[in-house]
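The two complexes that follow have chain A in common; it is paired with chain B in the first and with chain C in the second.
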Partner chain A sequence: MLFTSAKFFVLLAATVLACSIVRPARRHVVLLAASYAFYGVWSMPYLLLLAGATLVAYGTARLIDAARTDAERRYALVAGVLILLATLAAFKYSGLLASLAFAAGSEHAASVFSRIVMPLGISYYTFKLLSYVLDVYWGKMEAERNLTVFALYPAFFPQILSGPIQRADDFLSQIKRPIVNDPDAITSGLRLMLFGYFKMRVVAGLLAPIVNQTFAEPHVYSSWAVLVASYAFVFQLYADFSGLTDIAIGTGRILGVESPPNFNMPFTAPNMQALWRRWHMTLTRWLADYVFLPLRMALRSWGTFGIAVAITVNFIAIGLWHAASWTFLAFGLLHAVYMCVSVFTLPRRDAFFARYPALAIGRRVWAPLVTFQLWTISEILFRADSLSHAGTVIVSILAFRTSGLGAPGSLALAVSAVAIMEVVHWIQAREQGLRILHAMPIVPRWCLYYACLFAIMIFDQQDSTGFIYVKF
Partner chain B sequence: MQSADIKPNLSAVFRQVFSQPSLDIQDDMTAADVPGWDSLTHVTLVFAIEQRFGVKFSTREVMVLKTVGDLVRLIERKTQS
Partner chain C sequence: MFRLIVRLAIFLILPALVIALAGWVLHSSGELESDDAFVQMRRESRPFLWGTAYSDTSGYQKLRTVQAEAPEIITLGSSRVQQFRDEFFNGRFFNAGSGSYLQFDDLLAFVRRIPVGGEPRLLIVGLDHKFFNARWTSRVDDPFNPHTPERLWWTMVRVRWSDVYRDYFAGKFSIADLTHTRPDGVRRVGLQAVARNRGYHDDGSYTWDWWESYDRDLREIANDEDVYVYGSGISDETMAELEILLTECQRRGIHVAGFLPPFAPPVYQALKQRRGQYGYMFELPARLAPVFERLGGSFADFTNPARCDIQRDGFYDGQHASSPGYRRLWRCWTESDPRLLRFSSSAAHAATRHETATREGPSSGK
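After this line comes the complex of A and B, so read on.
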């Protein structure tokens, strides 16, 4: 069940209604039933897998809590983490495992792995469960005793398809709190959902044909058209993923759960560190806390080399989190290089510009532009089907070919939609802007809502946008 | 070592790591209060503290730290043991 299906709206309405009828203390039961229905409609066997992973994390945390020695705690942690990671690897990287099994001569194993379909949201719910188990092990939180309350954490239907990857202590504390029916939260949630649909169906939808057609045959287009398509993909991905996130956060808010933000105007970031702090923020923080920090701690006496190793491992993990392919490995490695160069040169660059304040003004303009260009290059790897395909796209841009086809699709319309999206993001990022929006008289406000709805109905490109981040 | 002895030394480490000569630490201070205190500089800070106070922290001890006050208490415990 996707966020655009009629079943989703029926489920949401029924859940809101049921939540308002049941006793506040039983709200989590309704939300769990709705979440399992949401997932079960897609696949019952994979719902059992989700329930199984939930039980593993629940049991592991309880064992850690009950352990009498550090060794017992460690054994419980290692066992739980290995089961969760092995399950994720078997389902997410089944294609790679099939190739490895085939290469090793086991045709039966290869055929088994090649038939596996990746469960929706497995990366998101496994990461949630891993962070919970690690937080209990590190003593950041106590193990949850109520299984129904806990089971809702990985399964919560607004977040299961594409995050945000909320931390257990934040989520569970909200679920245990008595619900307050807040009309403002519901309005704000609906508004965010509407903007999310606009981003996914209009902005990403208008950009998709430009990207898909150009990336399919980059050699027949002019260099300018391929460059435009590369920029278009950056915004398509952003609109698609941040749109999905807005719908997830908005739906959660309607149901009384505030989710963490996942994006914060990433393309205004002055350097790569800042950009990663604003893009897919919950995944970046997850990896920073559970991969980068422990590794950096272990290598802290290695100095600069230790930082470089921790950064590289962290970004390879970010790349491979998306899929086990050469393009995503290259994406991760390229970002590791970006990050190392940025981290090691930033203090000197800051010192240089502190000495020349006149240049520092220009830096405010060009630093985000340079960062965006570097990001766009990496996104070509993200979009390409293979390394050679990425190479063809990059060569097509660098060939400075004036002949060939121009950018396909409705470029002016797509640029206008991106501009509207960025203006709304700019308003959302400012408290004053939000106050103006909230205080707007009812007529212009509802005109805006209807304009958004009509845009979705008129420009909806149902076939050309593929909910890119759902597949991860 | 007592908290009163730890704080001036800890302040000196903070000033050096974050290159802020006028930085004063408070017990309720968090990473959000100090510009530049992110996941990258966090371990640099931890390593500098270990060197200064002659102690060794485990990953688990570092992961649960939330405020500067937690850090002071951890150093107090480590230097007493």
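After this line comes the complex of A and C, so read on.
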């Protein structure tokens, strides 16, 4: 079940209705039933996998809690983490495992792995469960005793497809509070969903043909067209993913759960560190807390080199989290290089611009532009089917070819949609913007909502775009 | 909370009305009819016109009809054969031509799906020139793929509602078209049929009662575009497919009559002037004739409309001859190939003679 299907809206309406009927303290049962129905409609066997992973994390945390020695706690942790990671690897990297099995001469194993379909949201719920187990082990939170309350954490249907990756203590503390229907929160959630659908269906939908057609045959397009498509992909991915996130956060808000933000105007970031703090924020924070920082602490005796290793491992993990492919590995490595250069040169750059304040004004303009260019280059790797395909795209841009086809699709319409999206982001990012929206008389406010709604309805073309981030 | 629900309901009234009105237009015009309704309506004696504006599954409908009814005479090809009418023939006829057949392979696939025992006696195949152009490329969708009920109902309304309004405000149809029934007793399905009287007749032929122009054809010729893409070589692949089709038909006792359809006089002249760029087109008759002769079929080249004296009024546009144009072509063909004469109705010949006499005027008899 996807967020655009009629079934989703029926389920959401039924869940809200059921939540308003049952006692507030029992709402988690309704939400769990709805979440399992959401997932079960897609696949019953994979629903069992989700339930199994939930039980593993629940049991591991309880064992850690009950352990009497550090060794017992460690054994429980290692066992639980290994089971969760092995399950994730077996399903998410089945393609790679099939290739390895084939290379090793085991055709039977290769055929078994190649038949595996990746369960929806497995990366997201596994990361949630891992963070929970680790947080319990590190004593950041106590193990949850109520299984139905805990089972809702990985399964919560607004978040299961594409995050945000909410931390267990934040989520469980909200669920355990009696949730009351708050009309303001519901209105705010609906508004966020509306903007999310606008981004996903209108903005990403308009950019998709430009990107898909050009990336399919970059050699037949002019360099300008390929460059435009590269920029278009950056915004397509952003619109698609942040749109999905808005729908997830909006849906959660309607159901009484506040989710963490995942984006904060990333393309205005002045450097790569800042950009990664604003892009897929919950994943970045997860990896920083559970990969980078432990590694950084373990390698602190190595000095600067230790930091570089920790950064590299962290970004390789980000790349491979998307999929086990050379393009995502290259994406991760490129960002590791970006980040190392950025981290190690930032103090000197800051000192330089402190000495020349006149130049610092210009820095405010060009720093986000340079950062955006670097990001766009890396996104070519993200979009390409293979390294050679990425090479063809980059060569097509650098060839400065004036002949060839122009950018396909309606560029003017797509640029307008991106501009509207950025205005929406600007409003969302500022308290003042939201206050202006709230204070607007009902007629212009509804006109704005209708404009969004009708744009979605007009540009909604038979799932022509698909969701990019759901597949991760 | 109650106030919120009421406001939400009020907010949704407008989009719901917009969608509902478009849904009503689609429903009442017949756009949402199931594709199998075409075959069912053929079983009823009442004449009909099937002209959906937002979907075209004519490939599927034509195949289903042939499979269900086993007509004795079939015309098969692209939109350029759709003007052959029932009245031309002596025998149970069905025009299986469809604009969704974009390559010769589609015709071969059609023939292969004719059930054993249900073979026609005569299969007239429109050898659309573009099929034989080695440079011609088209999509690879299956033209025999039917709409599923889901696609036809909710998806159609969801995807096409804005087209309904666009077409309404462009004046392509009016509400009166949907609420009034024409007194001719013909059942009309689809907005094209209801509002513009266009669509597939019950004999499978297409009613195309408007004059386009040659502009588009001449522009495409000048620009090396679309069906007029230049080409010097004949596609070996299509020639091989033709041989397979003829062999299969010979084996199954189907007489195949293949023809190169005519172009309108100005378009033919423009093509001739670019003979160098359309090398494949002018080589075709010499390549096709021996193949048909070897495999026992009839073949005729009507590329030049002057061959059957089809003049400007015999065309809807540069490449689609009208029904009178095809009547003339059919008569011309049966006169030159006696094997086809037994399939021809005398009424068609009489009509052609009458039309010729009317056009040539009183002095023509001198």
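In this section, the second predicted complex is superposed on the first by the 469 of 472 C-alpha atoms of A that agree within 3 Å, B and C clash if a C-alpha of one lies under 4 Å from a C-alpha of the other, contacts with A are read in each partner's own complex, and residues count from 1 in each chain.
Basically, contacts are C-beta pairs under 8 Å (C-beta built on N, C-alpha and C of every residue); 3 or more make two chains touch, one makes a residue touch a chain.
In this text the structure is predicted, and so the values were computed from the model without any measurement.
Visitor: Between chain B and chain C, positioned on chain A by superposition, is the outcome a clash or a fit?
Guide: Fit - chain B and chain C, as placed by superposing on chain A, sit side by side.
Visitor: After lining up the shared chain so the two structures overlap, which partner does A:W138 touch, if you call chain B first and chain C second: first, second, both or neither?
Guide: first
Visitor: Contacts for A:N146 in the overlay, against chain B (first) and chain C (second): which applies, first, second, both or neither?
Guide: neither
Visitor: One more residue to check, A:Q373. First (chain B), second (chain C), both or neither?
Guide: neither
Visitor: What is the contact status of A:S20 with respect to chain B (first) and chain C (second): first, second, both, or neither?
Guide: second
Visitor: In the superposed arrangement, which partner chain does A:A298 touch: chain B (first), chain C (second), both, or neither?
Guide: It touches chain B, and chain C stays clear.
Visitor: Can A:S388 be said to touch chain B (first), chain C (second), both, or neither?
Guide: A:S388 sits against neither chain B nor chain C.
Visitor: For the overlay on chain A, what angle lies at chain A between chain B and chain C, C-alpha centres, nearest 10°?
Guide: So the C-alpha centres give an angle of 170 degrees.
Visitor: Is A:S173 contacted by the first partner chain B, the second partner chain C, both or neither?
Guide: neither
Visitor: Using only CA atoms and the superposition described at the top, report the least gap between chain B and chain C in Å.
Guide: Closest C-alpha pair between chain B and chain C: 37 Å.
Visitor: In the complex formed with chain B, which residues of chain A make contact?
Guide: Listed in rising order, the residues of chain A that touch chain B are 137-140, 273, 277, 288-289, 292-294, 296-298, 300-301, 307, 343, 347.
Visitor: List the residues on chain B that touch chain A in their complex, please.
Guide: 19, 38-40, 42-44, 46-47, 50, 57, 59-60, 62-64
Visitor: In the complex formed with chain C, which residues of chain A make contact?
Guide: Chain A residues touching chain C: 6, 20, 181, 183, 186-187, 190, 446, 449-450, 453-454, 457-458, 460-462.
Visitor: In the complex, go through chain C and note every residue touching chain A.
Guide: Within the complex, chain C touches chain A at residues 1, 3-4, 8, 11, 14-15, 18-19, 154-155, 158-159, 161-162.
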